[in-house]
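Should a chain be cited, it is by its letter among A, B, C and D, assigned in written order, with residues numbered from 1 in that chain.
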Amino acid sequence: MLEVKNLNVFYGVIHAVKGISFSVPDGKIVTLIGANGAGKSSTLKAIAGLVRPKGSILFKGKEINKLPAHEITKLGIALVPEGRRVFVNLTILENLRMGGFNKKLSELEPLYEKMFELFPILKERAYQKAGTLSGGEQQMLAIARALMSEPELLMLDEPSLGLAPLIVAEVFDILKELNNQGRTILLVEQNAAQALKLADYGYVLENGTIALEGEASGLLENDEVRKRYLGED
Amino acid sequence: MNLTIVLQQLVNGISLGSLYGLVAIGYTMVYGVIRLINFAHGDIMMVGMYFAFTGIAMLFLPWWAAFLLSMLASALVGVIIDRVAYKPLRNASRISALITAIGVSFFLENSFLVIYGGVPKAFPVPSLFGGAVNIHGVIFPNIAIITPIVAIIFLMILLFILHKTKYGMAMRALSLDFETVRIMGVNVDLVISVVFAIGSFLAALSGIFWAMRYPAINPLIGIMPGLKAFAAAVLGGIGSVAGAAIGGFIIGISEILIVALFPSLAGYKDAFAFLFLIFVLLFKPTGIMGEDLERGRF
Amino acid sequence: MKIDRNNILTALSILAFFLFVWWGNHHLTAYAVRIWEDTLIFLMLAAGYNLINGVAGQFSLEPNGFVAIGAYVTAILILTPAQKESMFIIEPMVPWLAHLHMSFLPALIIGGIVTAIVGFILGFPVFRVRGDYLAIVTLGFGLTIRVVSNNTITITNGALGLKGLPTYTNIWWCAVWAVLAMIVIMRIVDSAFGRAMKAIRDDEDAAIAMGINTLWMKQIAFVTAAFFEGVGGGLLASLITIISPTVFTFFLTFELLIIIVVGGLGSMTGTVIATVLVVWGSELLRVVEQPMNIFGLHIPGIPGMRMVVFSILLIVVMIFAREGIMGQREFSWDWLLNKIKGKRA
Amino acid sequence: MSEVILKCDRLTMRFGGLTAVRDFSIEIKEHMIFGLIGPNGAGKTTAFNMITGNLKPTEGRIYFYGQDITGLKPYKIVSLGMARTFQNIRLFSNLSVLENVLTGFHHKLKYNLIDAILRTPRFYKYESQMKEEGMALLESVRLADKANFRASELPYGERRKVEIARALATGPKLLLLDEPAAGMNPQETLDLMYFIQEVKDKFNLTVFLIEHDMKFVMNLCETIAVLDHGVKIAEGKPEEIRTNPEVIKAYLGDINA
């Protein structure tokens, strides 16, 4: 579904992503793990069109590298940004409406229902400001908001960041469920253990390059990964 | 002072206040989405006046056509200013954008000075706005009655757009989180352009009514009302459209009443808004309707 | 040892500068001397402005208001009682000011001190808020000063202004004050106070968490700027000999803003370079406002064109060269000596 | 028996209608490492901000070494001996590492503005003394070789250490760390754990920290308090917290399974 070739991201003089290539096959969960500053977020932002990269990004065979962010969203890629970034001054329903910005009014109603089914907590509080939600609830809302555009590819940037272990488990359960429903997922995580348990395939990023890649289960067994990213001795 | 005079002054104050309010809305909306005090906003008032003046006095258009064209053209000027001067600085520090805004303000004032000269021009007032009505022995100038009505109509339209349309919702969502709004599939640059267009349109509207109230216009005429409108926006809590309108009324009415009650202070009336502003900042730094300066909302 | 060497080099270059002033005073045209006087006064104003704006990062638009205060105070003090009596024709001057008269130096210093006091008082409300609000309130303050000077007829003679001021200002006054201002301001910058100001500029919350009394640091920067702007106003008043409420407009602030932005916000070296560039450039630009004859073609002068060019310049600098000439860097003797050594090696 | 360094007595913070922290009471004894955990938005940072004076509590009192410090200005509290770091590292990015540290000395500055302007002997004396102390401090946290780097040039992990060193420069007795391990990988986190332990012993500190990384908190802290929806639901030794049913329900989930 997604084919990234020789991707480079620069911030001024800083070379954040140095020519990485990877692919996300249909219906799979692929994860990018690595330390802070390894270039994981930059990669996601590049795919979403928030930074201008060099290289090639093919989505369903179409080159999207030069497209503006809102056009990329329309093609069927949604990003759940790092730190959730829900619109705190908007109600939960309005947040969902923002997620489905380019949907027709008639399409929205069933989508709301679907989201409320997936995240019952949102239904109870549909008319409250998103700022009143707890961190975990905001993460749910951020995922629901992304799903409102009915994306074929769902990208998540550190969904476990700053969440209680309890909530992290819940979030990962939901991702599993979404994947079971056939959604393709690209997941960026520092919480390597849980990301690899969930994913089909994993890439380890180090200093802007791919240091390791392989089946997620294989990476979980890899000594190097265990030592550096799972904190095991 | 008897009741008639009080009433007259009150109507006068409401009318002036609605002019400040219309300009204040532009400040507040632009600040709400891109966190920029658009110094040049007051000058858009002046631009609107000169465009309308050109339409009536030089192109001999009917007044309504001249007014409408002027407002549309001013909206376009607002959009161009944003695209040319502010957009390249979206990711720069706020101080850079603010300095640029001062540059734009200066540019507008001086290019109109170059084009139209520094000598004040007499603004042609259409007869509809020129007369006065006598209600039970109290004389009200037409303009003083029409102004608040027009202002309130446009305010209602604006509030409808903000709260009932998806683009209005996008404007409210924008407050400094461009990235997230962008990945919702929203063309953020377009939304920001719309904000500038609305703000400039209303500023031009206010400018035209200002020019009919005080019918001599010059290229520096926008500075003072612009600043007072800014004071009104802060007073109302910057980021809040309703607050801006209320702030405008408060500044307008108190300015008129103070001059009416203490004629000896008339010379200081232009300084009054700032004392008011400083006072507000001292005791309620977030304004009347505002809660948190760092969190925008309409 | 190193510090001594640098101090000696600095002292020598100041001496060289005064030699240049002495030479220029005798050999340059009156016009050139006048522009050097402008340049030096602007240098003092810009250095103060850069302290509050660039170093402490508080975006204030105070200069024209403060310069006006300094100019009025100095002017009132150096006018003779007889001059005042003949000038105040609408209403007589208040008696306690009408008989006050003193020489230039104390008048300048009092002008600076009064301005500093006004700045100190103004600082309390305006520094309660951060960022943009400061800009607009200080801008409003400048306009308020104009309104006040227009209305306090028994002190300022209202719209008629004050005329026939004694012309004390010469290049020596300007040079000595400019050097003094530079030394004082650079020493503040290069001390714990300057560090605290820069800390506030970079991250105010973190500065507070370091135990820095941020209001106090901002006040030091603001009051220092106010003092030198007040003195600069006094020098300008005696240089142009006529002041009125419309003399010190926002254009003055605007010019200073261009100077510190072009030089690089926070860099005093940049301020020096940019002051010379902008003041002299501004003189050259007068050409566009004068009628010209090119190949028999008569082009009328366009008043206001200079300011249009200026505002475009500012916008272009902000968009394409935000860091200005120097960024936040400063000239230092060590850097220069290393450079020279490097070339030899 | 060691002395109580910090005591919070029924702290409550309301923002408009929202109660961020309710009746928060803790006592921290000297020389301990005290951890505060809880889900995002539980009010941990708000509690910190009240203690450091950035927020004035709606109700309740704060005592530092028995002295009531409620409502004191942050810079006053710093000079009493309390320093903090921020969740997202906030260094002065245009200052050098050494200059960053020197700002921490500011509240006990021994020369005044006149000394600085006239460059009196006192200025030179204390300026060089400060620089020596600053270098000594950087030396002791093994950052001396980075002294002249601009803060923004350092890698993430080192920036966190500089931020802690800068806080140490204020001469604190109590050090508050707001999510020090956020954004670090296991290796960096481990590193930081030793660093904090080392700094604590070397500077004779009491440490109060907020953290999400369970491993980090459990290994480092002697006492842990758990905050949920602004209310303290538990306090105790790590093993007690780990097995506290309420904490498991609200926060930990079934991580031990």
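Definition applied: contacts are C-beta pairs under 8 Å (C-beta built on N, C-alpha and C of every residue); 3 or more make two chains touch, one makes a residue touch a chain.
In this text, all values refer to a predicted model and were calculated from it rather than measured experimentally.
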Q: Based on which chains touch which, give the shortest step count from chain B to chain D.
A: 2
Q) If you take the mean of the Cα atoms for each chain, which one ends up farthest from chain B? A) D
**Q.** A-D or C-D - the one linked by more C-beta pairs in contact
**A.** C-D
(Q) How many angstrom lie between the centres of chain A and chain B, each centre taken as the mean Cα position? (A) 42
Q: Mind checking the centre-to-centre distance between chain B and chain C? Centres are C-alpha means, answer in whole Å.
A: 32
Q: Can you tell me which residues of chain D touch two or more of the remaining chains?
A: none
Q: Check each residue of chain C and list the ones that touch at least two other chains.
A: none
Q: Chain touch graph shape: choose line, ring, star, complete or other and state it.
A: ring
Q.
Under the stated touch criterion, can you name all the chain pairs that qualify?
A. A-B, A-D, B-C, C-D
Q) Where on chain B does chain C make contact in their complex? A) 37, 85, 88-89, 92, 94-96, 98-100, 102-104, 106-107, 109-111, 113-114, 118, 223-224, 227, 230-231, 234, 267-268, 270-271, 273-275, 277-278, 281-282, 285, 293
Q) In the complex of these two chains, what residues of chain D are touching chain A? A) 18, 38-42, 155-156, 179, 182-190, 212, 214-215, 229, 248, 250-255
Q.
For the complex, give me every residue of chain D touching chain C.
A. 52, 54, 73-75, 78-79, 83-84, 86, 90-95, 99-100, 102-107, 109, 111, 113, 116-117, 119, 123, 127, 130, 166-167, 169-170
Q.
So in the complex, the part of chain A that touches chain B is made up of which residues?
A. 48-50, 68-70, 73-74, 78-79, 81, 85, 87-90, 94, 97-99, 101-102, 145, 149
(Q) Residue numbers of chain C touching chain B in their complex, please. (A) 57, 59, 61, 124-126, 128-129, 131-133, 135-137, 139-141, 143-144, 147-148, 150-151, 250-251, 254, 257, 261, 265, 302-305, 307-308, 310-312, 314-315, 318-319, 322
